[in-house]
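First the structure, then my questions, so here it is.
By written order: A, B and C. Residues from 1 in each chain.
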Amino acid sequence: MSDPRTGPGAPPAEEAARPGSRTRELVPAAAGAVLGLGAFALALQIPEGARLTQFSPRWWPEVLSLALVGLGLAHGAVSLLRPRGAEEEAPEPSTRSGALRLLSMLAAVAGYGVLWYFVDFRVSTAILVAALAFLGGGRGWKALIAFPVVVTAVLYLLFGVLLRVPL
Amino acid sequence: MRSTTFRLTAAALAVTALTAGCADRGGVSEDTTDYPSQDITLVVPYDAGGASDLAARTLAAEMEESLGQSIIVENRSGGAGSVGLQDLAGRAADGYSIGYLPVETVMLGYQGYDVDPADYDLVGQMVSVPATIAVPADSPHETLDDLVKAAKEDPDSVTVSNSGAGSIWEAATRELGATADAEFRPVPFDGGAPAVTAAVGEQVDAVVAGISETAPAHEEGQLRVLAVFDSEPSEALPDVETAGEQGVDVVIGGWGGIGAPAGVPEEVLDKLEEAFSAAAESEEFRTIISDSGNIPVNVPAGEFAEFVESEHARFEQLLGDEG
Amino acid sequence: MSPLVEGFSALLDPTVLLCIAAGALLGMLVGAFPGVTATMTVALASGFTLSLDPLPGLAVLLTIYVSANFGDRVPAILVNTPGTPASIATTFDGYAMARQGRAGLALTSSAFASAWGTLVGVVLLMVAAIPLSRLALNFGPAEMFALVVFGLTMMIGVSGGKVLKGLVAGVLGLLLATVGRDPITGTPRFTFGLAELSDGIPFIAAIIGLFGIAEVMNQILTHRRGAASKPITDFGRWFPRRSDWRTMLKPMAIGSGVGGVVGVVPATGGDIAGILGWDQARRASRRPEEFGRGSLEGITAADTSSNATLGGSVTTTLALGLPGDSVMAVMIGSMVVWGIQPGPSLFANQPDLVYSIAGIMLVATVLALVVSVLRMRGVARLLELPQHFLWAVILVFCMVGTYAVNNSVFDVAVMLVFGLLGLFLRRFGIPPGPVVLGLILGSLAEGNLRRALEIGGVGTIATSPIAVALLVVSAVALAAPPLRSAWRRRHPREDRGTPTPTA
């Protein structure tokens, strides 16, 4: 399983905590342009088909990646030229405790991926649910024992028994 | 349902497979005389619901009876079937993991995927899907010869739809072109049904698809099947001649069989073959397969292995120059 | 008349009614689980139903098909996660309504809209199956390409007024859709040697990540200790008022028209129809600025449209013998084994069976509607769980549901990566709608364009009346709003009294 924290075009979102209105425009514009350039470079390495076709396999990705670069630049230019303060509905600010909690929950999910190989689905899932409930702030036997058991039972009944998914 | 011991064993086997890779083939030091003593997993490299899945599930239900253990069908689709095939090759060769092997087993290796038929012990072949070529109902081409002539007169102008780039039906189109010394223009679609639809809707001149996909449209009068690429005429299309009878000697099509990761102990393999043969012979299996328009067969392991080898060599020629 | 009576009365068999009930329960349940699609459930259920007689078997399968398209609305509205791809457009307004404390109204009106859409589709099937299927046959690669171009003009509509950001997101989606093997030559593109990527980015995993997981991550990220911002405990009123019904009338009409057409076209289904219906209703609405911000019209149009495709898909399937969508592809397999050969002759030889099928769908629709309306309160209770429970439930259910699609851990990883991508987009105010639209339409656009060119060059498109007409409509759709607003700026007086449109 690949590290879920690094995805294409998904830099750590915590950095976006309370961005200024201009940053909120420039960061995605730059990300779009950079991603477009990267995709274009990769598209150039796509092997040409051995067979003659009207368009090569590279054509469509190349067009799109250039369009992405162009749109990113245009977006950046527009937001630089436009007067400040026109920004509407900024997202709720993130909190430090929220960021920590998100990271630890993702770590728990990654740990689950590993655990699943070694332990029965019913055990590993109950542990994960308990861990997530704990990280979310749940305490006591209801949150840490009863709740995970119920969730796991529902999942197992639906997927394992009813749909015969090999869990 | 599945027991905890099975789950733990499976997990342990998965770990073994992960750490040791496929290196310890045949190194399963288990007493094989009481095989099968637990559930067996049958890997199908396609989504649930397709023709291959149906064939595998029907066969599995019949094999369960003679083996006396449950066979759990596991669909692992993706990568044109390579994901499931690779998954099967990496499992323990103890007979508790078997899989459905489609014709792609011998093709994918030449198309940039990590799939090699030598990674599997073959149990038997159970289904055959001869390729057919069909034209729209009011097409001017009455016979295969007409179509080939048209392609010779104006090379690369006769468009022939198929289910996808790299599919067996695209390969069949090329094989036809190579044998008849004519140049067709294959047009890959996204699946067999859209390819057939394109021919019914007269967007293309012809379609190459499996007999189960073209025969219903032929009976409905939406398409005219010109030839079946098999060695003998099909029961589903008794009025259609084979390509060979029309002077173009091409026998090609899809097929499906059962295999296991290479290195399964001899006694276990014998039991699997026995159960396979009984299942492939069963009334239930034969009816469901022929009702779905395909041809049920029962090819024993040895013969199947020879066939797979010859197919592998054939596709090396047909696909090898694709790069 | 007699085949109609015969077909419908065959359904009075208690076994059939029992099968419908079982199918409805199963369908609603799995529809509500993100990841599990109607296709997968029908495929797995067909393993059991093959041993039944054709009619009870069809009752189970068709009812699952119908009711999954009710159940999937629930997570779309309550937790911003489409239960199946068909309810992507439901999230646009449904979740916004829920956040405004109107979850009750959203759930019931969605159920009524879905039921209406299904009914329209089924009536279409009964009265016009054969001519409609002829229309479907005219949709070759050239026409499909033009239809997809028309779909791409919706990018601006789903951008929610942020056109440049929306276009960046849309092109990103289109680019993501190029991952996988080239549709014509089979050349690997952006697959990084991973076999799992050679069929493209797993779509269901991607949408669950972009919508549901991103939403949960955002809630976790912005959660304040002690602030106890209860998500949605206030459901508002449940039943639409007379004025609400009046508002819903127009989008229902638009939605059923759009959905009916999209359903008949092969290889397009509820996901595209939902977005298309939503966007057409937005264009026609007097309050387009509310779309995406909790518009009753929006959710009505989306759900009517996506469910009106059901009848259309069944029509193509039965009248041509060619599957109208992926569920129907599975169902054809079962029908053939039962000795039912879908195709033009089915209508001549077994018209009663066609009416039985329509009847099953009608009964299933009514049943699903009743269950939806009765049961909503109970399901909605889920949201009264404390937030930490809710996060855990959504995360785990999405993970297991996504795994179950292909039994693939890789898909789960993709879902999490798209969750992070969705979080990034959300934090920077980029709408996720265009990304999804790009993902859906990208491979259709490229594949059909290149297929059309393979068949006969540019002439394939230029000589098709349908394709040309659709391309003209697309150009008009793009050009009209800016022209109209320019015209209004110049003639401000004539504009008085009408609300200002969005760009």
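Going forward, a residue touches a chain if its C-beta (ideal position, glycine included) is under 8 Å from a C-beta of that chain, and two chains touch if they have at least 3 such contacts.
Being a predicted model, the structure only gives us computed values, none of them experimental.
Peer 1: Centre to centre, using CA atoms, which chain is the farthest one from chain A?
Peer 2: In terms of C-alpha centroids, the chain at the greatest distance from chain A is B.
Peer 1: Determine which of the two chain pairs, A-B or B-C, is joined by the larger number of C-beta pairs in contact.
Peer 2: B-C
Peer 1: Please compute the C-alpha centroid of chain A, do the same for chain C, then give the distance between them in whole Å.
Peer 2: Measuring from centre to centre gives 23 Å for this pair.
Peer 1: Based only on mean CA positions, could you tell me how far chain A sits from chain B in angstrom?
Peer 2: Each chain reduced to its C-alpha mean, chain A and chain B end up 37 Å apart.
Peer 1: At what distance in angstrom does the C-alpha mean of chain C lie from that of chain B?
Peer 2: Here chain B and chain C have centroids separated by 33 Å.
Peer 1: Spell out, as numbers or ranges, the residues of chain C touching 2 or more other chains.
Peer 2: 40, 44, 182, 184-186, 188, 407, 410, 454
Peer 1: Quick check on chain B: which residues sit in contact with 2+ other chains?
Peer 2: Expected reply: 74, 322.
Peer 1: Could you list the positions in chain A whose residues touch two or more of the other chains?
Peer 2: 47, 50-51, 164, 166
Peer 1: Can you tell me which positions in chain B touch chain A when the two form their complex?
Peer 2: Where chain B meets chain A, its residues are 1-2, 4, 7-8, 11, 14-15, 18, 41, 72-74, 321-323.
Peer 1: Would you tell me which residues of chain A are touching chain B in their complex?
Peer 2: On the chain A side, the touching residues are 47, 50-51, 117-121, 160-161, 164, 166.
Peer 1: Can you check the complex and tell me which residues of chain C touch chain A?
Peer 2: 26, 29-30, 33, 36, 40-41, 44, 164-165, 167-168, 171-172, 174-175, 178, 182, 184-190, 217-218, 220-225, 386-389, 391-393, 395-397, 399-400, 403-404, 407, 409-410, 412-413, 416-418, 420-421, 423-430, 446, 450, 453-454, 457
Peer 1: Which stretch or stretches of chain C touch chain B in the complex?
Peer 2: These residues of chain C touch chain B: 39-40, 42-44, 46-47, 50, 137-142, 181-186, 188, 195-199, 266-267, 320-323, 329-330, 333, 336-337, 339, 341-345, 406-408, 410, 443, 447, 451, 454-456.
Peer 1: Spell out the residues on chain A that touch chain C in their complex, using ranges where they run on.
Peer 2: That would be residues 1-2, 4-5, 7-11, 13-14, 16, 19, 24, 27-29, 31-32, 35-36, 39, 42-43, 46-51, 53-55, 57, 60-61, 64-65, 67-68, 71-72, 74-75, 78, 89-95, 97-99, 101-102, 105-106, 109, 112-113, 116, 125, 128-129, 132-133, 135-138, 143, 147, 151, 155, 158-159, 162-167 of chain A.
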